[in-house]
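Shared chain: chain A. Partners: chain B in the first complex, chain C in the second.
So, the complex of A and B:
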């Protein structure tokens, strides 16, 4: 028997013990080390590079001139306020439209809900440039409406007004999903109570429903605000003279080769996005879950029958307009010369096939490589940060949170400045593109993984551990099968976003590794809009097929089977 | 099979184990377990009993390896397990929530621990079905956990824990999710199984009758420290202090003063009258000091005689097999009295003036606690 009478409170350091435990679980420690290393290299190091570049001059001396320049130079200041003005306008309008949709679809008996729900998912999954193309086709110099119907010559479609229109349509569906979650979960008995107390419908909405959904409104506003700020593709092709931070940074770096200035702009772009992101986290984290109890309540009371006709009118107009936009691009892809010769044919597809076949194949290949990596890494990070204690967990948490908040343009600038010299020389390779895809899109896998893990009782994993399973085995045999859904979400999302990425990849594509989106961007620059339309149509088809294939594969791999023992 | 378990199992020893958590506001610290030492003999079942938040689960989790002791050591047999991760400790645990793997069938759940040990297919099969048989789970091997009743889930959890023939078996309130009747059946079954397999076990509960029914030894905890450790009989009959006496048997307390000690017995003055008690317990309080006279409700009777302590009935409840009275004595202390088989005795009603007579063999004398030992 062991000796008695040890000295009291000979304290052990927890960190030391965690370390010792890790040494005894080599697979786990190696995994943690790999993930930490990859996060440091692909998230923290590029950000450090941006900070360093923006604080040095071209000769490498320490200076704050770049930052001061951003604030004092009139053109930069205009750019900064352009970005903010656009983002605030778009966030306001998108939240407004989204609120009406969310209210109509969740709290009234609106007819055709399924149809509305389906159509407003379109902007979420579609490739970039589609709406810009549609607006050009409809309202441009040869526009069907401006020129054809109204007979206006030389209508200038480029500029802030088109940007607002396109971004509102692109981003309101995201706001809609946030608001739907919250409006759908408000217990109708609260409304009933107000109605019973004699309040009118409108009064009930104003004093009960709306205040209860306020966290969702703020969250949706911040979400769309960030997306508008981050957007590169629309300002690049339809912004015209309306310069915003994302496009300006691109112009300065690829046109003027001024990395220091570009980095300073990237910092300026990061400032509002990171702030908005943190605010959004705060609101969603602290407020909304109070009303969204997660407890299934009885069927939500459908009220406001008098409000249905105006709601229906509004939703129908918006949805019809969306259909018009998408339809226009689809038809445009088949028309010989838009605005001049509307004969249908496949000429643009033929051209695009020759022009972009290689790039499309490469886009798909890289996305196929990146998607599973994103899914596994994201789920791994979610698992480690929410379930394991180890030295370096703080770094992992912070850097994984950063992946939510870094705009694509900033990541692109970070990568091209971090990996263009030894020791990590990656520019011009497929690796840098894959890494960009992975770390640009990993946040969704982390998010859905973490929220699923919250719902899985931790003792299930402890049961596996205590029965003798190593951390790796527990993860593979217990956690991963239970995380099937978020894993799939992560993979599909990562795939779609990789194939359709623009803002990050414009900095990273090379002659050897062209990508589909950069090729479409190229078509815009030489005003070949019909070819671009054919290209995006092609991409939609390819993406839909790919989603079906991934869905099938994931289901086969992770299907629960009874193994006879 | 019994012998296999015997060979492997050895006792568990805790030496001065302390666990300090950073407190929730992040500033201070919180001692969940405070310098406890504990010996669990080979093949013994020890229950940890105590009010909520007293550190039972924390103690269990340190033994299982999910928490590290802030100081102190834990030994399995001769081996210090400080640096052994939970999956290498050769222990099993039955969780309060059962923690069955929802995506695996009953047989897969049970076989899991054998599979991760990389045993041969035949051995996995043979041992899995042996336990399925033992736990009467035949015919359910291909069901999923959500297709089982609570009691069946509990059995699967137990089967999964014992199939790997662990050196130590840990239970964290394993029966608290079952209804009262099933809890009694399951606790007998569980005790039976443990006796047959002779696995060294630690069993956490806050139900005292469950603890009495299953344990070889009971450990009473309060606020991170061990108040008393002993067999159920020792704990019940010779509680060390008011807290234990109250927690394990809802004992009565009457204030008194020590008058004298004489060959094993003691005389104490209660409300001005001396009483002699033949086995007052091991603690020798100094003569003249204040004490509490402690006895269980069934160790007293109420009579009409002039001998006992005078009091008044304030509550009388008839249960058929027994009758519960509440008496208020002259010094305002409230006394519970339990009369078994009330058919044979005189019954009293609320308001009756009565006398309380103690069975002097069953009375213990304890030190008066500063604060009352409330739960």
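So, the complex of A and C:
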């Protein structure tokens, strides 16, 4: 950050320059203004409501008793450290697995890349609690593997170990998407330089490739950390006695109707995330990761060596495990009663189609609106905060940082208390759901956008500007195509998460807008597992088709244009 | 940049349009249901057939519904809540969230189920039962528990499931019933002992019965109607009524200051729901609920409430202390566990 440490006078003159720059570019300034307004309305305002809740008692008087209670109560402290322990373990493991996949698929000649790429998309496209169910079926007391195959009696599947397993499987694909963008973009000439200078393949990886992918590693770690921290459905279904903050906050609100205590707990949940992101920004702000410079390069280098067999083995094991879990769900969808009667048939699909097609259609409609907004807004924020200097940049950075930290339930409560009365009356509408989806899922677009931008040399954009292109044209024709991967990641993530959201929508789902996940949870609650499995299978198919469409669309829109002179 | 701009604009426009689109005709009714998702369409259809009124609904757990009523207090979105435990409704009424309504059809419902304050209307009653996994008891040669005390049998250790009172309507109702049944000291003593038998308190009502169906646990506390549903799906389970059981009254009520144009429809729905026709829908929907209207028919396989030895719980007194009891539970039972 170049402006840091400059004397006050000079900083003021930069502010003046910034203002002047904005006046010269009205489109840019209107965009900034609109983004800032939406951030203030949809992030800061609900957060302010939550903070206010946590600082008042039930009669509405100002008090710090809730916060004190949260910090002094022993059981909350245990819950807090439970959450942290789980999140750190999961983030570490998920990033590790994701890195191996991203490296193997982007920088080696691993056979079967397309297949691997397809299979590891699976976990992000289904509501997570279905994985928990598959794990219970395979590894529970009556599990097909534990009991049936290995003959182990009384294997306890509930608890932290299962949570770690499921969360790693559920979240590593997102980490993979982020890392893939980074590893795919590292220019091979830097690796070649190292190799030419006599470094071994491993040495090159350790001292060149890995350090250059650091922004991605940290992003991936943080994204999985946050997701684990705020995960609500898995701890509820398979957590056993392992209590975490996200379920506690929900329990306090819907069991004791203590919104104030719940809000206080939620703020506590945001604490580690905000700290982690501050550290990340501080650390990344002092290093350069530029490898995309616009100078002539060759094709991405393929490390074609002895690393492939172990990588292949590792990837195969993980992918087989994912297939096993989803295979269980898939087979379960055709079974008469999952766990009891394994006669095959289509009856569940028929039932689910009648029961849930309306909700599925509405979920898809909302996701189709929310996803492109998320992608564009997220990339826009990433671009503006890392490339432009303007007044209000601080607010934009902070509020976009906060989107990472807000757990779903909390966002839901913030939204309902912020938008249930005038001036902004949104409850019961599609808008409140779309807004919740956008601002809840925007973090991935911002994060992968920002870390990719760290790699791109500003001189490419400067060259465009010098040649006479406006800021808008430069962004659209130069920067955006370079940001294709994070843009795609952001849209896909938002789309999938909008269709599969659970905790966010508990308080927002309205009669006119029934959602697919609530319907699945409904089936889950009355243990109609085969129906739930059929619904999920249906959903996976629909989402996979949607991802293919998004991929196609993004490729067309952001295709680099070649002009013949 | 233009694309970005236009999309942000679209967002703003959608926002302004949607905030205005509300008041509809009076042929609609908004309900928050605590019944299960698979049965509700039957009632919605039948009600529309009889009255022409279209029900728009959201299905939530009873706790979620009350939390949502509180959150929406300044601008309620629903006219009726239906299906939750009457103790929760009494609590909601005390917070000023409900509107009084005395249905003329209440004459067909036994007096013992009525709300003395007239806020809620009973729609179904449900007994607390044990859902038991047959295979486990055969394999372990254990005795199937038939009373609250038998649940404390050490041979069941780790195999009994109950949800945490703060996260389940059944569990919180069991807590207040136990408090009245055994008295203050006896109640905490009971839970002290029960805590040693349970592996932990579940975070979701459905987790216990699910575990029993799948053979992950031997016994789970649930309601008779839910238990019968699990059994009817083909799981190898039995329903055991504890020697003296607790009976929940589930109710419907009108939300205070709900959408004004739906007020008459709301009353019509409550009248319909407790009428003979409405109550017989419990069979049509396969929900196996026990009807409250004396003229209605009970589902097959269901014990009539009159055949169950039920503890006479003072619902109003129970509602008043429920919240405090749960907090006390968290202090006494939870924290003790955490300190171990």
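The rule is simple: the second predicted complex is superposed on the first by the 295 of 565 C-alpha atoms of A that agree within 3 Å, B and C clash if a C-alpha of one lies under 4 Å from a C-alpha of the other, contacts with A are read in each partner's own complex, and residues count from 1 in each chain.
By our rule, contacts are C-beta pairs under 8 Å (C-beta built on N, C-alpha and C of every residue); 3 or more make two chains touch, one makes a residue touch a chain.
The shown structure was predicted, so the numbers you read here are calculated from the model rather than taken from an experiment.
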Which superposed partner A:556 touches (first chain B, second chain C, both, neither): neither
Which of chain B and chain C A:460 touches, first, second, both or neither: first
Contacts of A:21 with chain B and chain C, given as first, second, both or neither: first
Which of chain B and chain C A:506 touches, first, second, both or neither: second
Chain B versus chain C as contact partner of A:482, first or second or both or neither: first
When both partners are placed on the shared chain, which of chain B and chain C touches more of chain A: C
First, second, both or neither for A:519, with chain B first and chain C second: second
Contacts on chain A seen with chain B and repeated with chain C across the two complexes: 471
Residue ranges of chain C in contact with chain A within the complex: 1-5, 7-12, 14-15, 18-19, 21-22, 30-31, 36-38, 41, 56-61, 63-64, 66-68, 70-72, 74-75, 77-78, 91, 164-168, 172, 199-200, 203-207, 209-210, 213-216, 226, 229-230, 233-236, 323, 326-327, 330, 334-335, 338-339
Chain C-touching residues of chain A, taken from the complex the two chains share: 27-28, 30-31, 34-35, 38, 74-75, 78, 136-137, 140-142, 156-158, 235-237, 239-241, 243, 247, 251-257, 259, 336-337, 339-341, 355, 369, 372-373, 376-377, 380, 413, 416-417, 420-421, 424-431, 434-435, 438, 471-472, 475-476, 506-507, 509-512, 514, 518-519, 522-528
Partner chain B, residues of chain A touching it in the complex: 1-2, 4, 6, 8-12, 14, 17-18, 20-21, 24-25, 457, 459-460, 462-471, 473, 477-478, 481-482, 560, 562-565
Footprint of chain A on chain B - complex, ascending: 13, 15-16, 18, 35, 37, 64, 66, 68-73, 75, 78, 80, 82-93, 95-97, 99-103, 105, 107-108, 110-113, 116-117, 124-125, 128-129, 141-142, 160, 164
